[in-house]
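Multiple structures follow.
There are two complexes below, and they share chain A, which is joined by chain B in the first and by chain C in the second.
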Partner chain A sequence: MARVRMSMEDYDYLFKIVLIGNAGVGKTCLVRRFTQGLFPPGQGATIGVDFMIKTVEIKGEKVKIWDTAGQERFRSITQSYYRSANALILTYDITCEDSFRCLPEWLREIEQYANNQVVTILVGNKIDLAEKREVHRQRAEDFADSQSMLYLETSAKESDNVEKLFLDLACELIREAKQNKLDNNDNDRPMPGEGKTISYLNCCSLT
Partner chain B sequence: MADSSALAAKRYDSGSLSSVSMETISTLTELEDLEKVYQQLCVEEKEVEAQLDRLVGQEGAIHTKMLALQRMGPNLQLIGGDASQLSGMITFTCSLAENVSQKVRQLDLAKTRLYNVIQRADDILDLKFCTDGVQTALRNEDYEQAAAHIHRYLSLDQSVIELSRQGEESSAVDASLVLLQEAEQKLKVIVAEKLDEAVAAVDLAQVERFFKIFPLLGLHQQGLARFGQYLCSQLASKAEENLLLATGGDLGEKRALMIFADTLTLLLEGIARVIETHQPIVETYYGPGHLYILITHLQQECDRQAQKIVDKFILQRGYHNKFQIVQSSMMKSAPGERIEPRELDPVLAEVTLMNARAELYLRFLRRRIMADFEVGDAQSITQEHQQNVEKLLKHCALSTTMQELIGYYIPMEEYYMRESVNKAVAMDSYEKGQLTSIMVDDCFYIVKKCISRALSSSSIDCLCAMINHANSLLESDFREVLCNKLRQGFPATTLQDIQRGVSSAVSLMQSSLQQGKFNTMGIESTENAKAAFLVTLNNVEVCSENITTLKRNLENDCTKLFSQGFGSGEQAKIESCLSDLISTSTKFKDLLQEGLTELNTTAIKPQVKPWISSFLSISHNIEEEEFNDYEANDPWVQQLIVNLEQLMAEFKVALSPVIYDTLTSLMTSLISIEMEKTVLKCSFSRLGGLQFDKELRSLVAYLTTVTTWTIRDKFARLTQMATILNLERVTEILDYWGPNSGPLTWRLTPAEVRQVLALRNDFRSEDIKRLRL
Partner chain C sequence: MPLPVTDVPATQRLALDCRTLLDHRVGKGVCGCCGALRPRYKRLVDNIFPEDPEDGLVKANMEKLTFYALSAPEKLDRIGAYLSERLSRDVARHRYGYVCIAMEALDQLLMACHCQSINLFVESFLKMVRKLLESDKPNLQILGTNSFVKFANIEEDTPSYHRSYDFFVSRFSEMCHSNYEDPDIRTKIRMAGIKGLQGVVRKTVNDELQANIWDPQHMDKIVPSLLFNLQSGERTESRSPSPLQASDKEKESPVELTERCFRELLGRAAYGNIKNAVTPVLMHLDNHSLWEGKTFAVRCFKIIMYSIQSKVGFNLTCPHPQSQHSHLVIQQLLGHLDANSKSSATVRAGIVEVLLEAAAIAASGSVGPTVLEVFNTLLRQLRLSVDYELTGSYDGSTNIGTKIIKAHEERQLQEAVIRTIGSFANTLPTYQRSEVMLFIMGKIPVPGVHLTLPSTGSGPEGTRMIQVMLLKSVVQVTAGFQTTNMLTALPSSFLEPLLSFSLTEDPEIRLLVLQILLSLIDRHDNRPKFSKICIISDISVLKLKVDKCSRQDNLFMKKHGQHLYRHIYLGCKEESSGPQHYETLFALLGLLSVELANEEVVVDLIRLALALQDLALSTDEPLPMYNRCAVHALAAAYLNLICQLTTVPAFCQHIHEVIELRQKETPYLLPEDVFIENPKLPSSVDKVEGGVLFLQSKITEVLGGSGYNTERLATPYVPQYTDEDRLSKRKSIGETISLQVEVESRNSPEKEERTPAEEITFETLKNAIVDSVGMEEQERERRRQVVEKFQKAPFEEIAAHCGARATQLQSKLNQIFEITIRPPPSPSGTISSGYGQSQSRSVPIYEMKFPDLCVY
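This part shows the complex of A and B:
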């Protein structure tokens, strides 16, 4: 499904990654750090969604990154991107208990709008502000475990783990895409639809 | 010198230390020895003489040199005198020059001081003039004049004034200064009062008059603030009037639907007009770069008034209420209150119009502010300036309010789209003779309408969100509908099968299954099910086409939008969302392919297979007589062609040309495979081979007429088989094989060639085995 081969484009895989999470947890800074290698001081609130493309150095893989606004009033715009996302980066701020407490609400959103094959990773950002930490690593890890999500702590400011976050995710997505391809080959015909097994040929002579 | 001393030493050496000493000589007694010594001494003498001659010879040269040196003596004395004279002259010149330049410096200093004095005198005169002038002007209420004097005073160099106060006339200057400062304060108060009065009296001429005086007094900020206040109050009263009219009065039905968008438009247009009218006065009297400040003042009022309009809109249209109903019905929870999508039409149109107006207005502001900054100095537009402008425009209450409205709009528009499409699907019907059913047209009409409405909001994010929603609706929900219809399958007709007297095991089994299923339904419903399947195939194809068209049209629409000036980031966003439509279109193509394969398997294969296998019952082990008989009464191929024609006729009228063509292609592949299998089960005589060749030619000729795809390639193997079956003798194959094959490319392997040769009952297997292929 994620495999795209267009004659004019020079990539094998194209993945969509969407960043979500409360306002001010540093989604835009993570994306900027990864795509442009800079940390914009005094970054204003994102309006709607921002869009960036980056080619990752793994097997000609391209990732489209959608950086969404955290503010409530943009939620309905943000939600429209969930369904086609291959991966979601759910971000919170380790120095802000509130942003951690909102995670279940975000998970409900994911449950409701995203496709069920989406890869979700939990990210605790701003570890450079260790002295202001409000959410303990163990707590976050436990939470991520309970939701069977990957967990990573990052600092967009110090560039800690940012590269790793996106590259790990890219590897995971490639792995899944290959797995899917194998599954599809087993069935010997392309699977239409996403996640749902629609194969009317199996039942046509009986219905 | 060194040479000569060395020479002297040598001489001395040879004198005293000749190789033979006197004592040695005196001790000599033998003649022979004496002679030897004598000889030696003679040689030494000669050497010494030669040396002496050389030295004497040098004397002349040394003498000339000495003479020359003696002649140069007086000249050197002359040069020494000249040099000391020159040195004296240079020293003199130097001191002279220093003398002169010092005088010039002094002159310069004197000149500068003189200028300063003149300047100060001028300033003092000005100061006096200003002092007098201000008094007179104030008495005459000529505030412009007074302000001009104050402006002159303010632009004087403060240090000069300080210096003047230290002079003899200090008391007089002091007095003037005090007077001036008093006058300045007084004027400031008066101007402020007068402006307030004028504002209160709504006297635009007076307001503008005093507004122009403020910058002269160095009160730019204050002036702009007060003027802004005045303009705001004007705007406020006008806006309130408009809002009252909007909510109170009787309006035409058409206007009533859009009244809040209209009111907002009036407000924003009013502000834009105000900015346009007053920009020149601000630029002239306050200088470039000040428009931004005035606009920040105006924007506050704009935010207030816009909020009022939006609040009223939300209240009167029940916007939040509608949103909540929509949201709860989208959650698919208990079937509570539902809204007719059609009821949402007006409010959705109004919201998008409101947002479009706000966007237009904000773009106008950005253009004006940036242009004003640029007039000042294009280079001086700092990051800070830009950030301020961005902050003003993106985070003003008008923007956030609109963002909120759009935030509610998107789910409602999505609901509208989903519900309408569901309705279109539920009310689907098709007229006989039409290739597609009305559902597809309806559905795309709705999708296009919703996306166009989102586009009309001028909000890129809103448009992208609706493209996303439309895409997921088409890709999963709508595609599923078509998929489900195809899943019903294409019913095989028992009746037809029996009529045609076909009784292969496969179709019998299928018939009984179909009978079990369709026993309650008449032939008519079977016909309907068939038609439904074929119509759905056409629908799928049209969908795929429509999605591509939709994408292309949206691209064109967006180019128009981008020409109004949007960032490249925005463009990339749209392009990315639109590119998703292409993969959806591909998914529909895949579905079509699957449906066709299904049709081929259930409707064509069971029919065609027995027709082909009936070939077995026609003997090809024939002699002249039977061959002629076949010539007269075709035993097989004509019937096959008639059958195929009948079979496909149904599809030809019911399927779009493109799909029909693909289907025929599938069918021809099927025929060639089945034929091949069948032929390998037969045995042929020489004439039987000829008969088969004839039959194959007729079949290929027929199939070529019914499809645009190339048939020859698919039948290449069969044609080659016919060639083999037509040979006179086994060895004749070698005329066509290997180096003799010419343009012919063999699709049969050597083993297959042998297998086919073996079908001829008159070919001996030893001959075939002996062949070297």
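This part shows the complex of A and C:
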């Protein structure tokens, strides 16, 4: 079954996830670890936005991931990507106090530009550099709680929690999408997950 | 594999269709065995794929498929769906050869079928393009883009309800920022992104059902992506025009492509959309701090201005003329400038520079309905900049207060603002220009009289700087200003405050005023001909353009002539006047004689020149030697000019004689020797007399012979002090207080043309106080005598006395200045009227400036 689905590229849900956060906190590395399974050692700064796609095997979910540049000068173009996002991964670097302190500023941006149904998750990256940690876990958890966000610590280098991050997010999004479908079936409000089943039969043409 | 069912009868075809229907519903596992029942379109599609993908599309079979699709358009959507399905599979299996073939087939079908049924087919088509774009292989992305571009160029006649281009906008914008390692591929991806965006715009711009492409959510992606490429291309281009780039010159470079796309986008923008398109540009320039560099910002806005301009070319029915469009852009720039009031001077200067360029491009009148608003903004910026420069901080700023303000940057900004004001003014029609001049004039602070702009505590220095800046702006506005009607173009409300500035002590301000007057009066481009003050033996070399003086001109001179003469006279008298002042004064005199002179004006001007000579000779005036010589030289140069203009031979002869004599004996009285770097001046001008002077009597005589008004000529010119002195500020603020006391003279109101006025400086007030004790003594004595006289003398004697005085007054009508002040406390009313008093009385108070006749 899985193979058929693969071949037909159909999916039940389609989610757009956008990563945001200060420059150099490891957004691109998280995405590449998840979609390509590698950790590029000499990753350069992202220019503007980057796009990657991966199909996740929870009810055939497809995840479109827009990775954004953290640099201030690209702010205007990255902001324009928030609006259509179903989920935002707000990333900071646990070894960099500054990137944590900027979080309220990012939250303001989210409030201003993103859809108000967006699912936001806070991610502290680079836990492999535990000895250089500057932001205590408890502090980050408290902050996430106060903003009613999920919180997760990851390492793109060691691949810690990266899968979990995206899969958790996917589950959450699916849950919300279903709930929304039940709640607002007659409502024409845009729903997260624009995916639909496509069931054209085609078996003979294989092989 | 397929059965030979080439010609299927209709019934059978129906059956087949039903089977296809079943195919969708029933099992996926029944493959192979029912191959014979495969619908025809599927077989046709399958046949276009060769065994080996290297062989490419099977042309013959493709033709069959096309023919089938054309003859049975209702099948088109199924063909599309099937093709797209195959393509998805091939992508997933990395069989890229087949992907290309499928895409080619799709393109061909799309091109072949320009019919209504294309609508459903397009769904599948777009799905496939999207699939290709989603892959991470650059080749597939580019392939998908190319197909999309082909599709975008097809004009569909039926709009589509459920098509969404959001993904395409996002993805193409992202491709524009591609970060691919290999620079060649990176360029290709970026170019594909640009073309894709162009395609989306073309596709959606005219489709009313589509999500509005001009919405900020799309524009905020499209515009920065284009600008990013425009800018990054510029960077690489300037770095290396390598031979490789030169070799594929025939191909369009990314920058050129981007520019074309950007132009197209703007060209399509309707009035209401301009704002959404320009806002991201401003944001992009902010974010990437591109205002400082200026060149890129200027380039962007040049593109914008020219692109929206070109709109009128092919859209004549457009309800809004294109100038409205450029007006909108300019307004946005102005708004942005205001929003950046607290940014560094370089940023503001950049924006102003862009404004300057934009205004130059905009067609006339494009400044739009809110002309004054434009100038108001610019003047406000000027004001702010002066404040920043003087106070050294952006007061009230929250987080950038620590920034150091660089005075020279502010200066540059001020210069830029002034140039921009000029540039704007040049696009305006004459009537609006004089309005603007009046507007700026109203903003110039006249100390002690009225402060239009709230003072921000920068003090007198700030006021002076503002005055200089605003006058410079007026200079810009008036440059090239030509009017046929001086009276309406230069109302008293403009001229009077302007002239009052010509009496300030500040030489810079005086010079500016003179320059403004020059450009206002010059209507035949004669001004450059008077740029150098010298004795010209034959003025025909100047090729002066002279028109006959119109009625309005005559009226103008009648109304304002006296003011102008007076200001020239007083301007010469200022100690701080330098060579530049005398040169501009000469130009002013010259222009007056060329532009506005009738016979009467010529006479007045000659009188003025002679009065100047008297001024230079006068021992009462504490003029430095340089100024004396300069005034002499000015009078000589001007008389030389006017005598040739009048073409009275005897007049010319007299002037020439004097000049020749001066050349021999007193060269320091001629402009050639005075207006040089280190003029050799004598220690005194005592021996200047006789032949080296111009003689009033001689001139009167020779001109009288040619029908000029000799009576007028014979009367020496004396500057008249008028009401407007009140506005002027002879001493700078803080040093003295200028007061004016005017009391109507009681016994001769009907004889006075002007309201008598007298200026009392601090000095005179002080004198008055010091002398007052002794004076009171005198005064009492005098009054006693007067009373006695009136009481004792017979009536006839008193009457005769008064009558004599009256006739005397009559004869001196033109020179009389009535000076009256309130008598000291407790005056006796009867004495103060009807009796002329000795002149010596008023000496200590009035310093005997005028031939005064004090009638108490």
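To be clear about the criterion, the second predicted complex is superposed on the first by the 175 of 207 C-alpha atoms of A that agree within 3 Å, B and C clash if a C-alpha of one lies under 4 Å from a C-alpha of the other, contacts with A are read in each partner's own complex, and residues count from 1 in each chain.
FYI, a residue touches a chain if its C-beta (ideal position, glycine included) is under 8 Å from a C-beta of that chain, and two chains touch if they have at least 3 such contacts.
Worth saying up front: this structure is predicted, and the values here are computed from it rather than measured.
Q: Once the structures are superposed on A, label A:46 by its partner contacts, choosing first (chain B), second (chain C), both or neither.
A: second
Q: Check the residue A:151 against both partner chains and state whether it touches chain B (first), chain C (second), both, or neither.
A: A:151: touches no partner chain.
Q: Which partner does A:84 reach: the first (chain B), the second (chain C), both, or neither?
A: Touch partners of A:84: chain B and chain C.
Q: Output check: A:76 vs chain B and chain C. Expected answer is one of first, second, both, neither. What do you get?
A: The answer is both, since A:76 touches chain B and chain C.
Q: Would you please give the residues of chain A that touch chain B in one complex and also touch chain C in the other complex?
A: In chain A, positions 4, 44, 47-51, 53, 64, 72-77, 80-81, 83-84, 200-201, 203-206 sit in both the chain B and chain C interfaces.
Q: Provide the residue numbers of chain A that touch chain C in the complex, in ascending order.
A: Against chain C, chain A makes touches at 4, 6-9, 44, 46-53, 64, 66, 69, 72-77, 79-81, 83-84, 199-206.
Q: Applying the document's contact rule, which stretches of chain C touch chain A when the two form their complex?
A: Residues of chain C touching chain A: 23-32, 34-35, 38, 42, 46, 81-82, 85-86, 88-89, 91-93, 131, 134, 136, 166, 170-171, 173-174, 176-179, 216-217, 220-221, 224-225, 228, 280, 283-284, 287-289.
Q: Which residues of chain B touch chain A in their complex?
A: Residue list for chain B touching chain A: 390-391, 394-395, 400, 403-404, 406-408, 410-411, 414, 459-462, 464-466, 468-469, 471-472, 475-476, 479-480, 483-484, 486-489, 510, 513, 517, 569, 572-573, 576, 580, 583, 587, 590-591, 594, 598, 601-602.
Q: Which of the residues in chain A end up touching chain B in this complex?
A: Within the complex, chain A touches chain B at residues 4, 44-45, 47-51, 53, 64, 72-77, 80-81, 83-84, 189-190, 192-194, 198, 200-201, 203-207.
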